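Look at the two complexes coming up: chain A is in both, with chain B in one and chain C in the other.
Then we have the complex of A and B:
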């Protein structure tokens, strides 16, 4: 079995209904969103690196520009890169392969999903050409989003398009996993990545519609003059925050779960170990997260005003989430135990993810405690916390996945040396950027400010963060160059370079052709994707 | 469990232009047309965008329906299993609006409906309920005829269903028209906000349901049908029907 060279035909790409090509289109779209949003982050870092206006000539322009960068950075990173990168790219390409299916249940709906996603990115990018770019963070809180001169409508439509793509994807993949597993494949034989995707899609299916409803009301309030969030006419301004976080907190788990799923695949493969405590991790960990995910959103409103009994109840349910997440962490670390570990590039990213996971997870605990959060809320401590857990941790696991499956997707091998340099630049860069933000956050640095003249003592730490950001910029440039160059000119890879036991490696060629498998897959009742002889 | 056992290996990439064209159509028809009209207030652009979006959407849907009816899918008969998941999603989007309504309604206490709300015609929703329930029943008859293989009777009952659905929309139009003439518009007060949003959102689902029926009816005139599409169209219509009970009971009578 070897990679079969194929003539490139554009119409076979843009009109494709094949899950692998759709996965690649998701990858290209989400990496594009990542690049633009990453440049916004660099601009934000430069603006904050000194007191007063840094990039603009005066304060008004500086503030307006900065708000637009914040909007695009947040919206594109979360809605355009992390969620579609994990549930769009990775699930599309690998989930059908892992369960031995020839495609998803509804291939045309899958194509509709990817085009809706690309349209969503397109509408978000239009913000750069219209005179009134949105400037409302990725949250779009009223009343500001209603009063601003910025184009709130484009924010709403971006959410609509991406949300609709997610819902259709969720329906598609849930049906695929339920009805299209290879004959003989039972629930306890599924790959961890498949389970993590299933649970993430269950969350998407139930919570995305509520966000869609919330932003629709925002649209009507701003452009049709309705009064959903207008207290003077009987509306409720906090209602938006509740509806928004009712989706957007679970969205964190939509990102976390598939990210962990990718790590499970990589850690098992490079430790040559079966998953430690598989059933506890799946049924307790992943489904536990799904179960609790819908009851914790109010902790985003701790300082918005609420009765104490709700605050304490929310503290307890927020802390409860550590139980399933703890099960997942134990299982992930346990999979390493006494493994024959090798540190190829995907494993380097995976191990660094374990560290980022711990830092991000443990700094979440003080934020859950109501007493501490009154002090830490709206400081850069929060900013650093969620960047560790859902920004960097999730992004690194996407990169780990791209490297891990690179030979499968392209038939070529990436450049290990270039990739390793990129990895260290990235890893040092993220810590250099965000550890100072923890420190100044505890000392009272407010998040989101472009000008902090009242706190001149924090200037030096923002300068350090800028240096970190430049490390990431160079690391990511090398990484993306590596992908593009190696996919084009890299060495031909052998069939199963990591000697994995999972179906996508053992039963398909690199890269799989139409219909995926040369003949229909059937598995026995004692088959597992982690059969490393232990 | 899985019966996707096409033994021969696929040798070509599956393609369809329908999804892309539908998406571009939707992009022009909703975000762009809305923005041109409500954000930038540009009648020319509004017309152009709607003019591009409408034919693209219709062409894409027509192609999609045609492919769905004529081509053999990888896994046949799975759409009735997928639709319930989509309906779960729909339930939650309606819940989002209803929760908003309940919040506004409960915090208003006795001051509901707020000042400036004209008296609603409480007979009309009863008539509309009768129309919608009858249409569910006529579609059920159409399905029975379809199962017996009587296509011409199926088309007849399907057209009666479409007629009833259109009549329902006509009632909504009449009601909106009447209320707006009294000066009760979406921006009037908290009740108008929720009234127009929930009933309008439900009406948009009626329109989608009718669109599905028309997509079933047109090929049926050429003798082409797909039993899963016929079934799913019915399930969706019954769902729209059930949602109406909540809309009517909550918005009109509470």
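Then we have the complex of A and C:
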């Protein structure tokens, strides 16, 4: 039963205001950013795999191109893949379905935000063809970003475009959830993914403007002659770092929360269990994260020369993040208890995410302690930590989500065997890449270094990390091939292959047509999306 | 009874152990070495991580084995939490995490105070970051540095046994003084002065690396840090002053 019998027409996609198509466009855009940024990562790993310049003949060229790869890898992965991948793709496609709505509250604004997002990706990619590519890392710290010959404006405009897309998305989805839930659907009956998106968008709405202000001041300083960050004219370089991380730490939770939301859906479905301690996870866990998210940014400035007292204060608030995150962990792991667990591909990814979540989350604890960061800060240990929790954990949850909802989005079934090989290559690859980085980080290997002639003992571990990266490259190639090929030629899927109880599976066809539901959805007061009954 | 005795014994052992650690981390003249504080805290945190990760990991693995679906249409059998159980499953974990947080915060604060309390007899060295080299200036005005291309220059030379405090600033962009051997790190920036201190306890040669991104030669901005006996240090300082006068 296909709801889109018509042939593919490009104009229909360009002018679409349908939340499902917009979700697919977010997915394609963010996976494109992921692919390009992923190739940068491979180049970075090759460059680091031997002591001297590996992909260049001299140190200056090596330094220049390495810094450009680092900039693009960081900016594109975070701003182009993780944030839009987790708040754009699944939220657009599935949030309205999960609450029984026929579309979002403002479909045209939704179309505007996806086009702003795609323009942001386009501007970021233009960085490759201009002669003065940005080389300022994804953080863009002044004074370097002001003095460099690299094009800081491209960075600023990318942030602006993606930021506006995000703010519009936030307004849209909050209004949608507040006003467009199916009749009878109370707050305690929402899917975990819906709650995670709501909390993530509350954070976006509050904090994105601060980032927009920070980068705009950077733009003014560099091109209009203001002196916000110039100490010789009364400015202060630390101001930027404070403003930047005031958004960019909460941004980590904008990624973490929807990633957890997707995992909750998958773990509940493949355990055939309700969420363990739902209210504690939602009101204590997710809203607790929102509450604390804005009081911990100084842990990114532990060695930046901030006053001693605030480093202690924010050490305590940073440690306290473990309270809501701990509640979420108890609830997520507890959902497995006495389940009827099956291990299809989405669940394989979800289980590996539990592991990545533990490694990434727990290695955050030493980094919360100011005294320990005086050694660990700016080393490979930090690099490995945030890759585990923010990079790989979040990316794996996106992949888990794509596999989980693949039959819903395409009407076809992915290839389980190919997907499983891809999964194991990815999982082995990420651990092979980042466990060595934990080790050499504790021993003092600095981040963002292509040249480590002062620490020649680390060469072997960089080689191991390169092997890991090549595993990931082959795993991701199989994964993306699987998606494209199966969407095109895969077997037709049955309606609800996972026997989920959530509205997007029980009340719509694969894939849902315009208007989503064949007739209006109404739910009873004892309905929940996890009612497997027994 | 046996339990009680074991507990007493454990408490006693704990007391002895903690005072032994306190003694070991304090050198003869009462100066606490940040490196010892760091290692001590790091070990404690690692134990903490392994215990917490172990509990969650072991439970997950056990459940994943035990609760596999018996038939294709099986559904889960999760117990329905009563109101009291739901509150307990929120408050008890919260209490455990909070206790752990406060414990770590107290430990971390103690170590932090060691790091930020500069001993009174510390030797002061002025450090200036430049794109892309380090400049070290001693109390008598003598300077030292290091050229990455020619590998000429002594870098930062310090006497063994004397605490060294670095007063740091930058001439251009952000830099960061990362000295892994002594477990210290702090940014340098134009317009502000930052500080760190460390205690070279024995002769050793290591490297300071710039660890805040500063441009094309960021990863080539390093210099040797040599801790040498204090007599030799005095000789070196005189020699270096003479060289400088000639330059």
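Heads up, the rule we're going with is that the second predicted complex is superposed on the first by the 529 of 534 C-alpha atoms of A that agree within 3 Å, B and C clash if a C-alpha of one lies under 4 Å from a C-alpha of the other, contacts with A are read in each partner's own complex, and residues count from 1 in each chain.
The criterion applied here is as follows: a contact is a pair of C-beta atoms (placed from the backbone, for glycine too) under 8 Å apart; a residue touches a chain by one contact, two chains touch by 3 or more.
No experiment lies behind these values; they were computed from the predicted model shown.
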**OP:** Figure out whether A:450 sits in contact with chain B (first) or chain C (second), or with both, or with neither.
**Re:** second
Original post:
Which partner does A:494 contact after superposing on A: first (chain B), second (chain C), both, neither?
Top reply: neither
**OP:** Have a look at where A:157 lands relative to chain B and chain C in the superposition and call it first, second, both or neither.
**Re:** first
**OP:** State whether A:304 touches chain B only (first), chain C only (second), both chains, or neither.
**Re:** second
Original post:
Touching A:28, do we find chain B (first), chain C (second), both, or neither?
Top reply: neither
Subject >> Partner chain(s) touched by A:64 [first = chain B, second = chain C, both, neither] >> reply: second
Original post:
In the superposed arrangement, does A:236 touch chain B (first), chain C (second), both or neither?
Top reply: both
Subject >> Intersection of the chain A residues that touch chain B with those that touch chain C >> reply: 236
**OP:** Name, in rising order, each residue of chain C that touches chain A in their complex.
**Re:** 34, 37-38, 41-42, 45-46, 48-49, 52-53, 56-57, 59-60, 63-64, 67-70, 73-79, 81, 86, 89-90, 93-94, 97-98, 100-101, 104-105, 107-109, 111-112, 114-116, 172-174, 176, 178, 180-181, 183-187, 189-192, 194, 196, 207, 209-220, 222
**OP:** Enumerate the contact residues on chain B facing chain A in the complex.
**Re:** 1-2, 4-7, 9-20, 22-24, 26-27, 30-31, 34-35, 38-39, 64, 67-68, 74-75, 78-79, 81-82, 85-86, 88-90, 92-93, 95-97, 99-100, 103-104, 107-108, 111, 114, 186-187, 189-194, 196-197
Original post:
What residues of chain A sit close enough to touch chain B in their complex?
Top reply: 11-12, 14-18, 21, 101-103, 105-109, 111-112, 115-116, 118-119, 122-123, 151, 153-154, 157, 160-161, 167-168, 170-172, 174-175, 178-183, 205-210, 212-214, 216-217, 220, 223-228, 233-236, 239, 243, 513-515, 517-520
**OP:** Using the touch definition up top, name the residues of chain A that touch chain C in the complex.
**Re:** 59-60, 63-64, 66-67, 135-137, 139, 141-144, 147-148, 231-232, 236-238, 271-274, 276-277, 279-280, 284, 303-305, 308, 311-312, 315-316, 319-320, 322-323, 326-327, 329-330, 333-343, 351, 354-355, 358-359, 362-363, 365-366, 368-375, 377-379, 443-444, 446-452, 454-455, 499, 532-534
